[in-house]
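Note that subunit A is present in both complexes that follow, paired respectively with subunit B and with subunit C.
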Partner chain A sequence: MEAGRSPNIEILSNADFLGLEGKPGAFTAKVRLRPRYINADKCTACGLCTRYCPRHLVDDYNEGLAITRPIHIDYPQAVPASYFIDPRACLHLQHGTCQICVPVCRSKAIDFGQQPEERALQVGAVIMSPGFGRISEETLAKFGFGKHPDVVTSIEFERLLNPSGPFKGEVRCISDKRHPHRIAFIQCVGSRDLGCDNGYCSSVCCMYAIKEAMVAKEHDPEVEITIYYMDMRTQGKDFDAARRRAEEQFGIKFVRARVADVMPWNDQLRLTYATLSGSHHFEPFDMVVLSVGLEAPKDAKGLASTAGFELNQYDFCKTSTFAPLATTRPGVLVAGAFHGPKDIPESVTQSSAAAGLAAGLLRTQRGQGTVTKSYPAEQNPGEEVRIGVFVCHCGINIGGVVDVPGVAKYAGGMEDVVYYTESLYSCSQDAQEAIKEKIRQHNLNRVVVAACSPRTHEPLFQETLKDAGLNRCLFEMVNIRDQCSWVHANEPEAATAKSRDLVRMAVAKARHIKPLPEQTVPVTPKALVLGGGVAGMTAALNLAEQGFESFLIEKSGQLGGNLLKLDRTLQGDKAADLLKELSAAVKKHKLITVLTNSELAEVNGFVGNFTSMVRTANGKKASEQSISHGVIIIATGGREHVPARVLGKEPVASKKIVTQQALEQQLAGGKAKAPASVVMVQCAGSRGDDLAYCSKVCCNHAVKNALRIKALDPASQVVVLYREMRTYGFAEDLYRQAREQGVIFIPYATDRMPEISAKGSKVRIDFYDPILQDQVTMEPELLALSVGIVPEGTKELSKLLKIPVNADDFYLEAHVKLRPVELPVSGVYVCGLAHSPKPIEETIVQAQAAAAKAAIPLVKGHVEVEPTVSHVDQEICIGCSLCTSLCPYQAIQMVQLENKQRRAQTIVASCKGCGICASHCPTFAISMGGFTDQQISSQIEAFGREENRND
Partner chain B sequence: MAKAKQERAGSVMVLGGGVAGIQAALDLTQLGYYVYLVEKSAAIGGAMAQLDKTFPTNDCSL
Partner chain C sequence: MTEQTTNPRILGFLCNWCCYAAADAAGVSRYQYPPNLRTIRVMCTGRIDPAFILRGFAQGAAGIFAGG
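Up next, the complex of A and B:
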C-alpha cells in the first residue's frame, strides 16, 4: 500500500487518540504512541524473532483461528512492515525473563527500553475513519456460536478462504478438520434485530455472503451452499447480476426464511427455520456461517466525547442528509463505516470526498506542510554497458530455497556484469544506501535486482536509482520469490536453476534498456462540469471552495435537476431547501460560470488540456463557445423510467395508475389529501422487465410515500407489494415504522406476479398473498408503480467522450472498488445518477469525491506521465488507424503531417503503457518504452541459450 | 524516515488506518496537505486486510 511510501504521510500506528482542542484551521490533537518494543527503522521483517519466540498467542488477525507468537507481524504485507511485541503475552514484558529475541535479531531492532510517547499534532482538520465494531458474542450465541465450533462468523470464514489463513486456504470444519459438504449462511445476524438494539440493516452482508459462497464454490465445486435470508439486499451497482450468477452458474440456493436455532445433530449441525407461510423445517449442515453485521466501533462513545462530536442512536456518527460527511463539530469530518454501515467503494468514495472537503477548508494553508523530494541531476549512462546485479535472500524467504550465493556468482560471470552481490534484505534502508554506493563505486549504469515482486518493490528501487543520479528506467527486476522460492518450495534445485534462467534473461534485457524521459504535461486549472443537478452543483461548489474555476453546463433552463421534482427526502429534509441553498451558492460564486440551455457539442484534447465546444440555445438561435479546461466531471444524472413492460406485461393505462414520483408530488404541500387506499407495486419495470438492475431508491421512496399518506390520514389503507424490501442502512428504521403504522407489506414471487387491470374508471390488482396463502383482489383508489431510474443521455455523451458504459448504460468506472469516481479516460470523473441509481445523500458524497479527485491534477498544475508509454515511428506507420480503434484509453490519435499523410501519434498523457497498440501494429511501427522488440527478443534468446541452462 | 517536525500548517489528522483512512490520506497528500495517519493497532489496513478477495474483481485485497 502506497501510503507507507509517501513522504507526506506520517503513520502513527499503535497510537491512542487523547484529545482535540482548537478550531477549524488550527486544531491541536494529542496522541499517545504505545511502544512496539521494536525499532521500526531497523526491523527488516525477516521473521526470525517469531520463529524463536517461545510463547504462544492467539492470532487476532486470523480471528483466533490460528496461533502466533507475542513478537509478530499480522501479515507479510503490513504497513509499517515492522514486527511488534504484544505486551499482553511477552515473557519479558510480563515477567522480566526470556529476551531470547534480542540476540536472535540480526539487525538489532529489539528495544525493550521503548516508552510510551505523547505528541501534540497541529492540524487544520480531522477526518474520523475508525471503521466498524463487532457484533457481541451474546448475539452470536443465539445461533450456537461459541458452543459449536463449526458455527463461524463470516469474517472467520473469510480467513478460512484465504491462502494465508489458518488452513492455508482450505475450508475445513474447525471441529475435526474435515471438508464441509454442506454449508449454510444465516443472514441478518446482529442486523435488523431489535433484540440486540441494532434496528438498522448493515447493507453489506448480503453481498459479502454471496461473494464468500461463490469463492467457496470455486475452492470446492462439490460443496452445497444455502443462504437463509429475509430480503436479499443486493441494491448496489451490478450486485443483482452477481446474485443471479450465484444462483444460476454456481448453484447456490437462496431460501427466504428466518433461522430459529442451530443445534448439534450427530457430527453435523441442524438448522430449524420458518418460511413465510409459517411452516417449520429442519436441515442438516456441516458448517454454519453467520453473516454478521457491522456495529458502531466499540470505543465510539469515547471517541465522540474526546473529539467533541455527537453520535446517532446506534452510536454511529451523527450527520445530516445534505452534509453527509460533517460531524456536529466544525472541521471534524467522517468517512467510511463509522458514518453508517457501508461497503468498500462507498467508503473509498467518502474518503475522497472528506479529503476534498478538508482541502476546501484549508485552502489558504495548501502546500505549506508538504515536503517534496529532490533528486540529483541525471547522468548520461554513456556507451559502455556496466550492469550491477543484486540478489536478495529475503531472510529465508528466498534464501531458504534458492541457492542465492550461487545465483549471484552465476550472474557475475555474465557479459557486461561488472558487479554482483547478494544481500539479506535488498529492500531495507541500509541496502538502498549500499546500492547507491556500489553504483558510484563501480560506475554502474544498469541495475538488476533479483528479489520479490516488482509490483510492490520496483518503485522503491527506482527511487534509489534516482537518488544515485540514474534514470529510473535503467532498472530491471526479477521476481525469484513468487516465481521460484514460493512456487517451487519443495524443489530447491529446480528453483535455483529457474532463478539463474530469469537472471540471465534480465541481464540480457538490461543490456538494451535505455533511459526514458520523465515527461510532464501542463494542466489548465479549470473544470467542465456537465449537469446542473445536485451532483453537478455540489461538485462545482467544492471545486470553487478549493480555489478552482469551473463551467457548469445545464441542458435545461434552470439548475436543480431531479431536486425540482422532489418534495422531501426519506429523512424528512425539504428538497427545496437544498435546491435554494445550492443554486444560490453556485450563482454567487465568482469561480463558477453557469451556462443553462447548454450542451456539450464537441470535445478535443486529453487530461489537462481539453478544449470543448459548448452550444447554448438562445430562443431559436444557438451560439457556440470554446472552453479550455483540464478536467471533466460528468454529472448528467438520470430520470424516472417510463416502462415498456410492467410485471411481464404491457403497461395498463389508467388515470389511477401513477408513478411514485407523481404520487409524491400529489402528496406534497399543506393542502394535500391522502387517497383512501393505495397499492404500491415495487420493481415495476426494474429487475427483470425493461431494466435488469435494481434502482436502489424505490423501496425507500415507497416507504417515504407510505409514511406521508399515513401522516396525512392514519385511516388510509396502504399495501406495498414487493419482491425484496431494500431499505438498507438506517432506512430500515423507517420501514419498521411504516409497518408499525399499519402499512401492509406483502412479498410477491417472480413466478407468480401480481396482475394489473383497468375497467372503466376502476383499477384492479390481483395477487397471491403467501401469508394468507390465497389469491387476493383489490380495487384501490390509486395504484403507485415504482418504475426505477434510467441514466440520462449516457449513450450520446459516451460516444462524444469515448467512455465506455456498462450493460445498463451507466458509465463504467476505472476500478469498481478503488477508483469509483474515476473513468478509464484520464481526467474524466463521474458522480450521481450517471454512475448508478442512488439516494441524494450518496449523490452528494460522490459529487464531493469527484471534485476532490478532479482537483488533484489542478492542484499539481501538471500531469506526470509514466515513462513506459508507446511511441509511434511515423516513418514506418502506414496510417491504418488500427491502433486508434483498439486503444482502450483513447491515447492514440491520427494526425496529419506536413506532407498531408495521416499518421498515428501517442498522447503520452493518456497512455497507460498496456502495449495493445504495439502488439497489433501490422508494420511494427509502435514500440513500448521499456519493452521494445529488441529488449524482449534478447530476453527470449537468453532463455533459450542451452549451454547456459545446463551448466 | 525522520519526519519529526512538530509544527506544520496545512496538515490534517486522519484517525483510523483502514481502507477509508488510507484513501483519505492518499488523496490529501495529492491535494497538497501533510497527513498524520493515526491507527490504534500496530499496522494500517483495518478490516480490508482480513478479506480474502473482494467483489466483483476478485482482486486480492492487500
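Up next, the complex of A and C:
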C-alpha cells in the first residue's frame, strides 16, 4: 500500500524484463508491459465485473483450491488495486465473443484495445527480487501428492487457514470437506534431498510448519497434529520459544523420523515412517501437509542471462559472504529468497540493505527526478463551521444495501451541514475535482465523507483537501462499506439506520475538529554508531558512502570485535581479509570519526536531535565529549558465552575442554596440527542450560572446525554430539561434506544427556548412541563445547536509551517482520549480534539495512510528524509526570518553566498519537490532535441521540 | 426494556491499528454480524478515558465494546 502510494515509486505489474544495458549509475532496462485490458486509473476495484463474468478460472492465488473468473483481482489488498483480465480464459480475447464486463463496468474502465507496450527505463541500479520457485510435482508425488486430494502442500494449507481462503479459514479435507481430526506435517519435502537436486536446507519450513500447526490448533483445538522431521531448525530469534510453546501449550507432537510412504487407508491416509532406531511405524491421518522447500525461481536462468549475472549451483543468485547482496554484475543487487531461502524478517532486512546500497550508487544523482508535490496556501477556516457531507455509493457496494440518498438527505438536516451530496465513486479522480469545486462553491471548512475505510482512503481525501487549500485535519471519514454494507448485506434497513447513526456521530465530531499544524523537526545529519565490530564498521561505511558523517564508538582499544577471534568463515573466506579491508576503509574515510576505548555515558534528545556524552578512557584518565547527531545505530555485538551449566550440570574444568572459538584459533595458520580425536558437544550451555535460545551459528561452527580438522589430518577422529544440526541454507552442503569425510554425527536427547568428566589429564565423555542403542564412552584428545552467544552490555544500554530487550536480553525490534532493524524509539536502529546471534553474512546485511534505514531522516534533513499528536496545556498541567512514566514511546518529557515549575511537554517527533497520556491526565491538560475529549464526547452524545432513529 | 435486550445498542471503541483493521478485514471477507454496533475509531485503546465508557452508558448504550 505504502509503496503504491509513493509518488516516487512506479509499480509496473504484469511486466516482463527484457534486457539491461549500461553501467552502474546509467543503466537502461527494457521491460514489456502486458495489457491488463483494464484502465487501472479508472478501475475502482468494486468487483462488479467479476460477478458478471460468465467464465470460470482456477484461482492461482488460492493455489488452485478455489475458482475465480478471468476478470478478477488476486486479493482485496492487491496493489495496484485494479482488476485485470487473464487472456488465457477470457471469452472475448479467446473467441471474440461475450464482452459482458464492458457495459457492467460503471466507471468504463474496460479496454480490450490495450496492446503490449515496451518501455526503456533509465535507472542507476537494479535490485533483483523475484522470490522463490516451487518444488516440482514429481518430488511431491513421492508423498502421494496429486494422487490423494488430502495430501496438500504447506502453501495450500496456508490458504486453507486464511480467512480469505477457499473455505473462509476453516480447515477441511479437500476430498469430502470434513474437518480433519488428525493432521501430519512432513518436513524437508524438496529440501535436503539430493533426489531432486536440492541439497540445501530451505531454512524456513520448520518454523512455518510450527506456525501453521499452531494456527490450525487455534481454529480447532480438538485436532491432533504431528510433525515428522529430521532436525527441527528453529534457529531464528525467539523461534525456539515458539517451538516450545507449540509442544507445551498447543500439544503438537514432534516425531524425529523419515516418512517413507503415504497411502490411502479407508477414507484416511496411512503414513509409514522410520525412526532413528530403525524401527518402522504406521499411523493414520485425515490430512497430510507437505512442508515444501523453497526453490530457485522458475526463470532464474533466463533472468540471469538477461541481466548478465551468475547463479550458484542451485540456480539461486551467486553472491559472496562479505558482499552478500552484490551479484556478479556491478550495480545489480539481489534481495530476498533469490539470494537463498529465507524468511520474511530477513527478506525485509535484505531489501532495506539493497535499497541503501543502491542509494550509495546513486549518491551523486540524489534528489534528481524525485517528485514533490506543491499545494496552495492553507486558508484560515474562520469561526463559522460549514460542513459538507459526501456519501458514496461505491457502485453497488454501498448503494446496493444502504439507502444512500436517504443517508445524504438525513445528513443535510444536521446542524452546521451546509452542503450534502452523493456520488457513485467518491474515490474516483473526477469525484476529487467535484469535492474541490464544492469546497470552493460553498466555502466548506469541514468535510465528511461516508464511504469505505479511513485506513485505506483517508490519505486520498486529505490530499484533496490540501489541494483545495484546507488543512487535512478538517476531514472526517465514516466507514459505511467495510464495517456496514458489506457486513450487513442482508439487512438493508438496519444497515441504513447504522449508516445514519455513524454519519450523525461523524458530523458531531466534525463540528469540533480543528486545523492542526503540519510539523517537521530538523535533523542533524550525523550518526552515532555504537560498536566497532563488523556490524558497526559496515554501517558507518555505508552511511559514509551515502555521504553522511558518523562517529564510531568502540569500547575496546581496536576495531574488529569478534572478527579478531575468527579465522575463516564456513565458506572458507578469511576473516582477517575482511577485517583489514573494513578497518582500513573506516580509518581512511573522512566522514568517519573512530573513537576507541570509548563508551556512551549519556543520551538526550529524540530522533533528529540527539546529544550524547561519550567517555573516552586515556590511560587512567577519562575525557568526555558531547556529540550532536540525528540517529543512533546499535552494533554493540555479543560474545562467546561462558556457561554456568553444561548439559544440566556444573561445567567440568580441564585443559582438554575448549570452546569452538578456542579450537578454531588452535587450528588456524599453516603450522596447525589436528588433534587425533575430538568430540564436539553442541548446545552446551544453550537451549535449556543457562541460555534458553539457540545461538544459530554453533552448528555451522562445529562443521567448519570438523572440516578443518579433516583437512589437516583425514585420519583424525571427529565425533559431533548434537540435538539438532542446524546447518540451514547452503551450509547443509558442508554438513553433508563433513559426513562424507567421516565426521560422525550422533544425536543426543535432553532426557539422556551426555556426561562429561575429567580425571587427571584425561577427559571422558559418556553418551548414549541411539543407532547402536548402547552407552558409549570416549576419552578424546580434545573436547570442544559449542557454548552459544550472549549479547554484550544490552542491559545497561537499554536503560540508557530506554529501549526494551526480549527475555534473552537481545534488543526488541519495532516490528519483528516489517521493521526488523528499527527499534521502538524513533531514530534508533540495531544490527549484528545485539539483535540476535547470526553469522557474518547476515550481520553485514543487517548493518547495511540499519544504515539504509538510518539514512532516511538524514537524507530528508527533517522528520515529518503526523499532526495527530498529543499536546500538553502547561497552564493546566500540575507536573505530576504520570504521563511521562506511562508513555510507551518516551515522547513526553518534563521541562522546567521560567518560574521553576515542572511541566510536561510532548516531543512531537516521538509521539505516535496513542493517547494513553490524555486518558490518564488527572487534570485533563493533555489533548490529542484529532481525538480530543470534546470530539469523542460529542461522538458519544451523538450516538445517544435517537430522535431520527425510527423514521 | 424488552426491545433494549433484543436489539441492544452497543458502542464500540476500536483501535485503529488492530481492531479497526480487523473490522475492515471482516468486511472484505463479507462476514456477517448483527448491526447493533456503532463505532468510534481511536488511535489506541489507551485513549479510552473511563469517562467515555460511563458517558456511553449514560447515552443509552446497552454495552460498551473496547477492541484493541
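Convention: the second predicted complex is superposed on the first by the 943 of 951 C-alpha atoms of A that agree within 3 Å, B and C clash if a C-alpha of one lies under 4 Å from a C-alpha of the other, contacts with A are read in each partner's own complex, and residues count from 1 in each chain.
Definition applied: a contact is a pair of C-beta atoms (placed from the backbone, for glycine too) under 8 Å apart; a residue touches a chain by one contact, two chains touch by 3 or more.
Please read all numbers here as calculations on a predicted model, not as lab measurements.
Looking at the shared chain after the overlay, A:Met928 reaches subunit C, while subunit B stays out of its contact range.
Touch counts on subunit A: comparing subunit C and subunit B, the chain ahead is B.
In the superposed model, A:Asp193 lies in contact with neither subunit B nor subunit C.
With both structures placed on the common chain, the touch criterion links A:Glu10 to subunit B but leaves subunit C unconnected. Using the contact criterion defined above for the overlaid structures, shared-chain residue A:Asn479 touches subunit C, although it does not reach subunit B.
In the superposed pair of complexes, A:Pro454 makes contact with subunit C only, with no contact to subunit B. Judged by the touch definition given at the top, the superposed model places A:Gln350 against subunit B, while subunit C stays out of reach. Contacts of subunit A with subunit B, set against its contacts with subunit C after fitting on chain A, overlap at residues 77, 163. Of all residues in subunit A, those touching subunit C in their complex are 76-77, 163-164, 168, 453-456, 479, 481-484, 486-491, 494-495, 497-498, 501-502, 505, 868, 912-916, 918-919, 928, 931, 933, 936-937, 939-941, 943-944, 946. On the side of subunit A, the complex with subunit B involves touching residues 1-4, 6-17, 27, 29, 31, 36, 40-41, 61, 63, 73-75, 77-80, 84, 119-132, 155, 158-159, 161-163, 165, 207-208, 210-211, 215, 238, 242, 303, 307, 335-338, 344, 347-348, 350-352, 354-356, 358-359, 362, 365-371, 546, 815-818, 852-853, 855-856, 859-860.
In the complex of the two chains, the subunit B residues touching subunit A come out as 1, 3, 6-59, 62. Contact residues of subunit C toward subunit A in the complex are 9, 11, 16, 20-21, 23-33, 35, 37-44, 46-52, 55-56, 58-61.
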